[in-house]
Amino acid sequence: MNARAPLRVAMIGYGFMGAAHSVGWRQAPRMFSLPRDIEMAVVVGRSPAAVADAAAQWGWAEHATDWRSVIARDDIDIVDIVTPGDSHAEIAIAALEAGKHVLCEKPLANTVAEAEEMLAAAERAAARGIVSMVGFTYRRVPAVTHLRDLIAAGEIGAVQQVRAAYRQDWLVDPQAPLAWRLQKEHAGSGALGDIGAHIIDMAQFVTGQTVDAVAGVVETIVARRPLQDGGSGLSATAGDGYGDVTVDDLAIFTGRLAGGALVSFEATRFATGRKNALTIEVSGDRGSLLFDLEDLNSLQFYDRTAPVDRQGFTKILVTDPSHPYVSAWWPSGHMLGYEHGFSHQVVDFVNSVADGSRPHSSFAEGLAVQRVLAAVEASAERDSAWVRVGAMATASA
Amino acid sequence: MNARAPLRVAMIGYGFMGAAHSVGWRQAPRMFSLPRDIEMAVVVGRSPAAVADAAAQWGWAEHATDWRSVIARDDIDIVDIVTPGDSHAEIAIAALEAGKHVLCEKPLANTVAEAEEMLAAAERAAARGIVSMVGFTYRRVPAVTHLRDLIAAGEIGAVQQVRAAYRQDWLVDPQAPLAWRLQKEHAGSGALGDIGAHIIDMAQFVTGQTVDAVAGVVETIVARRPLQDGGSGLSATAGDGYGDVTVDDLAIFTGRLAGGALVSFEATRFATGRKNALTIEVSGDRGSLLFDLEDLNSLQFYDRTAPVDRQGFTKILVTDPSHPYVSAWWPSGHMLGYEHGFSHQVVDFVNSVADGSRPHSSFAEGLAVQRVLAAVEASAERDSAWVRVGAMATASA
Amino acid sequence: MNARAPLRVAMIGYGFMGAAHSVGWRQAPRMFSLPRDIEMAVVVGRSPAAVADAAAQWGWAEHATDWRSVIARDDIDIVDIVTPGDSHAEIAIAALEAGKHVLCEKPLANTVAEAEEMLAAAERAAARGIVSMVGFTYRRVPAVTHLRDLIAAGEIGAVQQVRAAYRQDWLVDPQAPLAWRLQKEHAGSGALGDIGAHIIDMAQFVTGQTVDAVAGVVETIVARRPLQDGGSGLSATAGDGYGDVTVDDLAIFTGRLAGGALVSFEATRFATGRKNALTIEVSGDRGSLLFDLEDLNSLQFYDRTAPVDRQGFTKILVTDPSHPYVSAWWPSGHMLGYEHGFSHQVVDFVNSVADGSRPHSSFAEGLAVQRVLAAVEASAERDSAWVRVGAMATASA
Amino acid sequence: MNARAPLRVAMIGYGFMGAAHSVGWRQAPRMFSLPRDIEMAVVVGRSPAAVADAAAQWGWAEHATDWRSVIARDDIDIVDIVTPGDSHAEIAIAALEAGKHVLCEKPLANTVAEAEEMLAAAERAAARGIVSMVGFTYRRVPAVTHLRDLIAAGEIGAVQQVRAAYRQDWLVDPQAPLAWRLQKEHAGSGALGDIGAHIIDMAQFVTGQTVDAVAGVVETIVARRPLQDGGSGLSATAGDGYGDVTVDDLAIFTGRLAGGALVSFEATRFATGRKNALTIEVSGDRGSLLFDLEDLNSLQFYDRTAPVDRQGFTKILVTDPSHPYVSAWWPSGHMLGYEHGFSHQVVDFVNSVADGSRPHSSFAEGLAVQRVLAAVEASAERDSAWVRVGAMATASA
C-alpha cells in the first residue's frame, strides 16, 4: 500500500447508520486536513436495487451485494461495517484477516463471545499495523471530548458518583409495529444494548474507569405489538396479527466503577417527550461536569474551588475554534449537529491508519461495554443481585 | 372547645424546621381566609435560654421546657412537632391521646414500628375528630399539587415509568463535621431517610400509587469525619478526633408501583453543585410531567395527543391566581419561595380541624414512606435483591 | 423618641402593595435581628369597612380613614405610603414635616415637580435625622444586590452596553377593562411609569451610573376598552360602554449612561406569555452579568478573563447564607420569592432609622427615575429625538 | 440547456462563506432528492495559490482567477457569489445578463443604489426563466420555517410587537485588529449590515410584513484599533500603528411594521459572552413565538387560547421528520447544526431552477433589507428621528 495513494473505503450495509457514515467519509476530507485522501469506493448490500440506490444517493462509486468478494479485493483499504449487530463478528474478522482497517458500528457484537473473537482478531491485525475502531461516535462530540479532558486534568477531582441516562420515547405508542429491533434473535437486546451501550461507554470513557459490577432490572412495558408487513420473519405467536416483544423497553441499573464510585444508569424508550436525551453528570470532590446530547454544543462545569459567591454551573459553549474538532468548522457560536461526530470519527480513524497509532474507541473498549451489558442481563435474571463484569468473560477468553 | 375560639398552637422543637413552621403559623392566617383564628401560644425546647430566644424571635407568646406539661394544658388545641425523628413517636402519641390535633414533621418516625404505633394512635384519635398530618410540605408547592391534579385528570394517561431524584452536595467537603445527622442512632438514616423520603412520598402522592417493592443500594462515600465540638455525645472510634459516619451518603434504588411501573430513585448528598435539586418526571402513555424544586414555580407538561408539529414540553408557570394556593398571594408571575408550602400546610391542617375532614399527608402515608425506606435498607443488605414493602410491616402491625 | 421603644408604623393605603408591605413589616422582625422592635400600629384607607377588613386580615392593630390625623399622632414613628402615585407627594411631605420616617412606594410621584418637592422635604427632614426611602424593592432581591456588588468590584470591567426589559402580558386581552391604571389622570403613565421605572432604576443602581439622555417611543396598542363598573369616574368618550386608554401599553427607548454606554429599554404589557419578565444584562470589557426576575434566586456571570475553554455563563444560585439577606432565611438551595424583597426593605429602612444612616433607594434616586420617565415622554413627543434628562428639572428645582 | 444534464456551479469567492456554501452544494444532492444533479465545477478567487487550495480542499473540479471569463463559459449554469459586499452588484448583474442563475450571499449589496440595479437585472432575467436568490440562510433553519408557518396559519393571531436581537462579542477585546470588516469603504457598515441585516430580514420573513419606518442609533464603542499586518490597505490615521474604526459596533433601533406593530432591534458585537445569539420573539393577540439561534433545533410557542392552567411556553423540538427540511436527515431528536441551512438553500434554489418557480429570499427582499439599513443610518444621523424606509429608494429606482 502506497502511503501517498488515496485510502479506498468499502461500506457494508446501508441503513440509517450508512447514511451517517457516508456523511463522515464525504465531509471529513473536505473540512479537515487529512494525511491521506479518501475514496468512497463501494457500498455493499443484499438487495441489488436498494444498494444501487444507496450508492447513487450517497456518492459511492460502486455497489455490490457480496461483502466477501469486496473484502477480497486488493484495492480496498478500509472496511466500514454498518450492518445489524448479528453480522458484525463475521464481517469484521474476515476483513481484519484480509488486512483491511476496520471501522465497526456499535454495539461491537450481539454477544460477549463474538466480541471476544473480534478483539482477538483485532489484536492479531494490530500486530501487522491494521487499525480497528468501534463507532461510539458520541465520544467525538467536541463537548464530550472536552468534558473527558477536564476530568483527566483533575478539574473535578476524584469522581464520587455518576448519573447517566439515555431516554427516548419512540415506543410509547402501543401500535408501533414489531420491528426487528424488538426481536431478541436479531437485535440482541432492546433499549439496553441500543442506547444503554452508549451511556456505559460514555461513563467509562469520560471517567477513564471501567464499570466492574452492576445490579439492575430490565423491563418490557408493551409485551405484544402488531406485526409489520404480515410479520414475515418475525415470531408471531398467534394468528391475531400480533407478536411478542422479546427485548427490553427499559433498563435501570447501577454500576460500580473501578475507583469505587457508583453510577446510576437508565436506558428507556418510554420516556414520553424525550427524543434523544442522553445525559451524563459526573460529580467529583472538586467539581462536577454535565453533558446533555439535546444541547450538544455545550457542557456544564461546576467548580467547587471557586469563591463561594461565584460558584455555579458554567455553561461552556464548546464551539470555540481552539478545540481541535471545532477548528475545522465555523466561528465561535455556530452550532454543530448530530452527524459531525461521524466526521470526527473518520478524522481520528484515518490519522491512525496514516501514523500507525491505535485510536481510542477500540475493540477492547467495545468488548468491555458488551460485558457490562451481559452483566446487567445476568443481574436482572438474578433478582437484581450484583454481578461482576469480569465474570462475563467466556471460558475461551 | 369552642368552634369560634382561636386555635392555640404549641410547637415542640425549634431548629431549622421550627423557623419554617413558625412562618407557616404566622403567615397563613394573614394571607388566607381561615375558618379559625390562630394563636402561636407556646414553643417548647430543652434549653431554657435558647427556647426563650426562639419565642422572642419567632413570636411565640410563651416558652417552656417540658413538653409533657404543655400537652397536658387545656388551652392548647394543636401540637406541632419539629424535633428530631427519634422523639416523634413519644410526643405525637401523647399529644393525640391528650386530644390534641397533631402536625408532625417528616419523617414520621425513625422506625417502622414507631410509625405503626403513631398511626394506630392517630386512627384512635380520628374516631374522636382529632386531626393528624405529617409534614411532607413539598406536596403543597402549587406546581406539585397541579401536577398531581393533571395526572389524576388523566392528562398523561397510564403511568409507565417515573424518574425521581433528590440531590444535594453539602457533604462533598470531607472536612464537614460529624453532625448528629450522620449518626445512625440519632438520625435513623442519611440521605435515604432525610431526602429520599421526600421523593418516595412525592412519587406516591402524584401517581396515587404505592411503591410495592424496591431494590437498591446505599453507600457511605466519606466514612470518617472530624468530630464536632470535641465530639461530645458522638461515637468517636479513636482518639484522632475523627469518628465513623454511620449513615448513608447516597441511596440509589428502583421501585415498583402498584400499577406496575418502575421508578428510579436517587437520593444523594454528594451531587457536587446541586443544592436542593428535587426532580420528578412521570411518563405516561398520553404525556409526561416534570417538576424541579430549583424551579419551584413551574412544572413541565408534554402532551402526546397534541399535533406532532406542536408537541413539546410546556413550561407552565403555576403562579396564576386561578390556583387555590396561589390565589392568596400575588399576581401572575410573582414567584413563591420555599416557605410558602408551610403556610399551605397550615391552611389545609386548620381547614381539616375546622370541618372535621381528614387531610392528605396522613400518618398512614407517613408510615407507607417509612416502610419503603426500611425495604430499601433491607434490599441493600441483601445484595440489592428485591424486597416487598409489605414485608416491612412488623409482627404487631 | 426612646431608642429602645418599638417603632410604630402607620401604613397609608391597602391595595396589592399594602399586602406586600404588610408581609415585610410582619416578617422582617421575625427573621432578622433588628435593632428596634416593630409595631404594626395603624392602617389608613378611605373606605371604613374595607380598611377594617385590611387591618384584621393583615394584622394592623388599628385602622383609620383620615391620614392627616394619623400623621399628627405622637405615637407614630414611621409612615409607609402605598397609595396610588397621585397622592404620594402630599402625604409624604406632610409626614416628613411631622417628623415621621417615610417609606414611599414607587414611583415616587406622578410628575417631576412633585418629586422635586418631595426630595426637598426629604432633605430638610434628613437634617433632623429623619429617614426616607422609595420602594424599589427589586434592588433588594439578593441576586440583584450581588450583581451590583460584582460590578462595583470590577468583575465585568467597564460597562459597555446594557439591555433591560420588563415584559408582561396582562393587557393582551382586548376586553380587559379600562381600569384606573389605564387613565393618565390617575396613573400618570402606563407601562413606562409602572414597570419601565423599575428597569430604569435597576440600570442606574447596578451600574452606579445615571441615565443622562434618552430617545424613544411610547405606544398604545389597544386604544379603547370596555368601561369597568359602568365607568364611574372614568372618561367614557361615548355611550357605547367603551372609553379611551390614555396611557401607553409599550415603551421602547434607548438611554445613554453617564459613562457613555448605551442601554436598550423595553417596557410592555403586551409581551404575550410573559408574566413578570424583568431582565437586565450588563456587558463589560471583562465580563457580563444577567438577571431575570422569573428566575429570581440566581444571576448569570460571564468571566472573559477565564481560560477560553472554560468561559461561559455561570448560573450563580444566590441562596447561600453567606449573602447578608439570605443568611436570615433557609439553607442553600431553598428558594426565596417575590415578597422577600419587602422584608429586606424593612430591614434596611429600620437599620437606617436606628443608626441614622441614609439608605439607598433615596428620594433623590426616585426623582432621578422620574426625570428619565419625563424625558422618554418628551422624546416620544419629539419624533424620538434625544432628550437630555437634566433638561427635565423644573424651573423651581 | 438539457433539463436532464447536471447543473454546473461556479462559486466566486472562497472565504468563510465559501466553505459554508461548498458544504451546501456537496451535501444537498446526497441527502435530498433533487430534480437535477449538481457539479461543483469551478471556484474563482484572486490569488491563484489560495484558490487552488480551496478547490482541492472543498472539492471543486477546477479553479480560476477571472470571474468574467468563468461567467462567459457556456458550461456554467449557476453562479454562487460569496465575495465581500462591494463586488456583489457587478458580478451578479454580469452573471444574470449572461443567463446564469445567481445565488448571492447577503447583504445583497453595500448600497441601496447597487441593490436596486441588481433587482432590476434579476427581474429582467426572471422574464427569461433565470432564478436569483439572496443568501439569508437563517430563513431555512427548520425551526424558523416552522415559526413562520405557525404565524401564517394564525396561531398567534395579529402581531402586536416583536423583539429581535443579534448579539456577538468578538470585538470586546480592544486589541482585536482593524480588519477590513471595520472599515466603511470595504464593509459598508458594521454590526448593522452584517448581523442587523439578518434580524431585519427575519422579522420581515416571519411576520410577512415589511418594516416601513425606523428610528435608532449606531455606535462605535472602540474607536481605534491596532492595524493588521502593518495596515496595508487600511486607513491608518497616524503613525502609531493604530487606525480608526469607521463602522458601527452596535446598533439599536425601533421599526414599524406595515401592520402597525413596533419591533425593537439590537445588533451588537459587544455583548460579552454572546457568541452568535440571534433571538426573535413575536407577540400576537392569540399567542407568541420565540426562536434562539443558539438553540437552533427548537422554537418556543405560547398559546393564549389554551386553558389557563395549561398555558406556557412549549419548547417544540423541530427535529421531527414530518418537517420537509428535516425529513432528509436523521430521526427525531438528532440535532442539526449551522451549515444545514446552506443545504436547504441549495435544495430550494435547485428546485426553483428545475421548475421555474421563484424562490423566497428574492433580490427584492434583499433590497428591502438594504433600504431598512439605510434608513437606520439616516435616522442615526438625524438625532434618531423616524425615517420612512420608502424614502430610501434612490431617484433612479
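Which chain is which? They are A, B, C and D, in the order written, and residues in each are numbered from 1.
Convention: a residue touches a chain if its C-beta (ideal position, glycine included) is under 8 Å from a C-beta of that chain, and two chains touch if they have at least 3 such contacts.
Keep in mind it's a predicted model, so treat the numbers as computed, not measured.
**Q** Give the label of the chain whose average Cα location is farthest from that of subunit C.
**A** Farthest by centroid: A.
**Q** More contacting C-beta pairs: B-D or A-B?
**A** A-B
**Q** Give, as an integer number of Å, the spacing between the C-alpha centres of subunit D and subunit A.
**A** Centres of subunit A and subunit D (C-alpha means) sit 37 Å apart.
**Q** How many angstrom lie between the centres of subunit A and subunit B, each centre taken as the mean Cα position?
**A** Subunit A and subunit B have C-alpha centres separated by 42 Å.
**Q** If you average the CA atoms of subunit B and of subunit D, how many Å lie between those two points?
**A** Centres of subunit B and subunit D (C-alpha means) sit 55 Å apart.
**Q** For subunit D, write out the residues touching at least two other chains, lowest number first.
**A** 311-313, 317
**Q** For subunit B, which residues are in contact with subunit C within the complex?
**A** Listed in rising order, the residues are 16, 19-20, 22-23, 26-27, 30-31, 33, 57-59, 168, 170, 274-277, 293-296, 317, 319, 329-340.
**Q** State the interface residues of subunit B toward subunit D in the complex, per the touch definition above.
**A** Spelled out, the residues of subunit B in touch with subunit D are 146, 298, 301, 308-318, 320, 322-323.
**Q** Touching subunit B in the complex: which residues of subunit A?
**A** Spelled out, the residues of subunit A in touch with subunit B are 156, 160-161, 163, 165, 169, 172, 174, 215-217, 219, 221, 250, 252, 254, 262, 264, 266, 268, 270-273, 281, 283-288, 302, 304, 311-313, 383-386.
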